[in-house]
Amino acid sequence: MRGLLIGRFQPFHSGHLAAVRQIRTDRPSEQLILGIGSAQESYTWKNPFTASERIEMAVLAIEEAKLDGVIVMPVPDIDRHALWVRYLETLLPRFERVYTNNPLTRALFEDAKYPVESPSLIDRARFEGERVREYLAAGVDWTPLVPPAVARYLSQIGGPARLALLRLDPSVGPLSP
Amino acid sequence: MRGLLIGRFQPFHSGHLAAVRQIRTDRPSEQLILGIGSAQESYTWKNPFTASERIEMAVLAIEEAKLDGVIVMPVPDIDRHALWVRYLETLLPRFERVYTNNPLTRALFEDAKYPVESPSLIDRARFEGERVREYLAAGVDWTPLVPPAVARYLSQIGGPARLALLRLDPSVGPLSP
Amino acid sequence: MRGLLIGRFQPFHSGHLAAVRQIRTDRPSEQLILGIGSAQESYTWKNPFTASERIEMAVLAIEEAKLDGVIVMPVPDIDRHALWVRYLETLLPRFERVYTNNPLTRALFEDAKYPVESPSLIDRARFEGERVREYLAAGVDWTPLVPPAVARYLSQIGGPARLALLRLDPSVGPLSP
Amino acid sequence: MRGLLIGRFQPFHSGHLAAVRQIRTDRPSEQLILGIGSAQESYTWKNPFTASERIEMAVLAIEEAKLDGVIVMPVPDIDRHALWVRYLETLLPRFERVYTNNPLTRALFEDAKYPVESPSLIDRARFEGERVREYLAAGVDWTPLVPPAVARYLSQIGGPARLALLRLDPSVGPLSP
Amino acid sequence: MRGLLIGRFQPFHSGHLAAVRQIRTDRPSEQLILGIGSAQESYTWKNPFTASERIEMAVLAIEEAKLDGVIVMPVPDIDRHALWVRYLETLLPRFERVYTNNPLTRALFEDAKYPVESPSLIDRARFEGERVREYLAAGVDWTPLVPPAVARYLSQIGGPARLALLRLDPSVGPLSP
Amino acid sequence: MRGLLIGRFQPFHSGHLAAVRQIRTDRPSEQLILGIGSAQESYTWKNPFTASERIEMAVLAIEEAKLDGVIVMPVPDIDRHALWVRYLETLLPRFERVYTNNPLTRALFEDAKYPVESPSLIDRARFEGERVREYLAAGVDWTPLVPPAVARYLSQIGGPARLALLRLDPSVGPLSP
């Protein structure tokens, strides 16, 4: 049996790690696929990091936390929501359960007869992707929001400077102004 | 001779049906192509229903109104506006006239030498796609805004619940938050 | 109830019309969707005619044969075969039965639990798309292979000349040599 | 040696021409590639003019200013920012220097070890694409913002009327309302 | 340190497993990324199995062989070969070495300064993707060509029947004839 | 007035240069756009060189031949032949005449009412793209087939070695075998 936790993980923060830990604890005999969504995106305010960088962050955090049974996989978008569940079924190894707090994701998978569960949230107001990006862009107080291994990685690749740049024009890219 | 009325029909509401009825009455000897635009879109706030569902709604409403001579066709977007008229000419059966209240659509077809007409609007403030979606999302008072057959269909496929979900995040899709 | 007959109809020939007639005769109470596949293709040897032209041919032949209950719709390709059935379900109005002589189409729809039937073939060696195109390219003896209305239409749009051109380079397009 | 100045040039205004003149004056022995970005876009508020029209404007203004050594080229978007520099390297003739005032463009090219320079800006608040479009849409006082040859061209193709139309719905296109 | 072995694995056969075993034996301290290329393809003669199915096969075979340190990841094509290396760098976790017997892959990665090695081939004439597919389509003598776990999986999903179908039309898909 | 000569120029050989020279001689007051088609392709047998490399070759040969009035531009494919002429009209600066020896290109532009001319061919059997590629792959006797500046450029970028590699698998790319 396998479960699927899908998100964009921009970046992989402590709320994500807590969800992974909870799922692995609750169901130790099931593998967990961590699907890195919008894998084709990068260098925008909403999606600052490449799939490569996001996979690195997730793997570093999971190793640091000594969690096992997690498979990390890139998932490029398919721009037809009505085909999304079927698309994931053909891209990822078989899964029988889905974890999400997103109401639309829940609805699409329930329509396709999957059991869907919500990881209980630890301090969601604090651990929320956009908020973490705002702190990174400001360059202060962001390290407590991500696992230590992710903090080191983000410092090493210049994450705060990239976010500060992208913060200037949240909507687009190199040709925007 | 054929005419073309193109829109997204999210959903097919009573204003659309009134326009179809008027066109069929004014020009009974011309067929009317009803082009379901942005056919590839679904499960977003702006485009909640699949092309399949929108075609069903249009066909049900047209049959209920006992109108004939209407051909309903899906039209996926081509993301190059300057090619749009030529694209429609290669996708749809031949048409010689266009009906629209959209100024850009009017301009593009007039540049291509098509006669363009505006269906006279019945209570446009009331019968407007976004407003109908807002009422569906709120779950009250929406049935008078659509033909009875569409109201039954929307209830049957869970339209109000879908709109309520999508209302939470109007910009994107399953990976948004 | 509706059935679906999907093909490329390059061009719509007498074998296609015979299949439509048989299906309408066998199941007069069911509508038939005629899906014009590879709708985005044109001006290649394999797909010489635009979706617009193929829809015209199908509609002319069906009217000439005084058949009713047939809905003709363009179906652009989705280049992921494993999503094809689901894609058709979201693009076309609801259908409950599929007609095909293609083994892969049969397999994909049977996997998705659709009843699939094979229209009995009248002289398939004779009425086969590629063969009809060869005759058109040669410019002789092709009119008996298509319904009279299609023959008139093909003559009017210069079908034989187009096929003769495309015959020179069956693989590609304007930049090929 | 060649330099690259990339932008969308919607439209090509006097600030653009001043930047080209400065670069050609500072480095007369280097050719300058003027990359017309988002070349696939047109008929939106953000990208009102086709690549064809934008190339015409740039060429007319450069000829009028008697500048030489400038190569104008269309550059369609690639929707993966992390591949953008490499994409430009494979699309455009070889260049060794980049001119930009966009911080993200600067960062991406600096990561790829290109020397990047900022053309000094003449009155940037005045010569800014969106502002020029606003004046065109209003139909007053826009001619001083573009070179005379561009003003004549924009009048001839109906630029102000197009912008006025697109101003009504800044986000989308023919199917928007 | 990580290495990358990229292929289409249609299906994952004993030659692939031997290459993985050799690499893991030669460099036990390096992780190996197994990139499942052309991940978007399925149900064609050249690419009969979905990415999902190919990942399952690879994982089953690797577990059965008790090999560790292998990360399996789907890699959809990018249809611009000159961007391929850069694309893989942005999609996959960081890798420093590439294993391939394909001369073009070797050339592209060597141009990008990667060390490239050729896994020594065990009986390549026998263990070659197209040949394995031919045997599967014929339905005889194919089990010795794949690891036992893959043989069981292929039987369970009806692999031989699918290949027999696709063998009939090696070039295309559901609309081919 | 401008003319358009469009091709793939894989590589730019002496037959191409002769055509350019003839057109410039016959109509010295008209600019000539040299459209580098299939600009997105590279590293395949049919399209071995990137747009960047092909533009370099064309520019070098034209400068060496002291021809002026030629504008070289990349033209990515649009995969809808029926839209090709309109697409070129929106991508390239305005042109009023087309030069081609390709019958389909001739037909598409004549349908759109363009005057079309055939450059008279010098020794077409000898100066033909595929034949030049075969000689490059063999590594012998190819220099007389291209202008001297192109011969130097191809030697410098390793053209013969690349063609020899691609010759091994004429159909595909890095994942082919």
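So that you can tell them apart, the chains are marked A, B, C, D, E and F in the order they are listed, and the count of residues begins at 1 in each.
The rule is short, and it goes like this: a contact is a pair of C-beta atoms (placed from the backbone, for glycine too) under 8 Å apart; a residue touches a chain by one contact, two chains touch by 3 or more.
Source: prediction; values computed, not measured.
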Neighbouring chains shared between chain C and chain E, ordered by label: A, F
Repeat of interface C-E, chosen from A-B, A-E or D-F - more than half of residue-number contact pairs shared: A-B
Centre-to-centre distance between chain F and chain B (centres being mean Cα positions), rounded to whole Å: 44
Averaged-CA centre spacing for the pair chain D and chain A, given as whole angstrom: 36
Chain B and chain C: spacing of chain centres that average the CA atoms, whole Å: 27
Per-residue multi-chain contacts in chain A, two or more chains: 42, 50, 80, 82, 90
Which chain pairs touch, all of them: A-B, A-C, A-D, A-E, B-C, B-D, B-F, C-E, C-F, D-E, D-F, E-F
Residues on chain C engaged by chain A in the complex (per definition of touch): 80, 82-83, 86-87, 90
Touching residues (chain side chain F, partner chain E) in the complex: 40-44, 50, 162, 165-166, 168-169, 173-177
Footprint of chain E on chain A - complex, ascending: 39, 42, 50-52, 55-56, 59, 71-74, 76, 89-94
Residues of chain A that touch chain B when the two form their complex: 6-8, 37-38, 77, 79-82, 84, 101-105, 107-108, 128-129
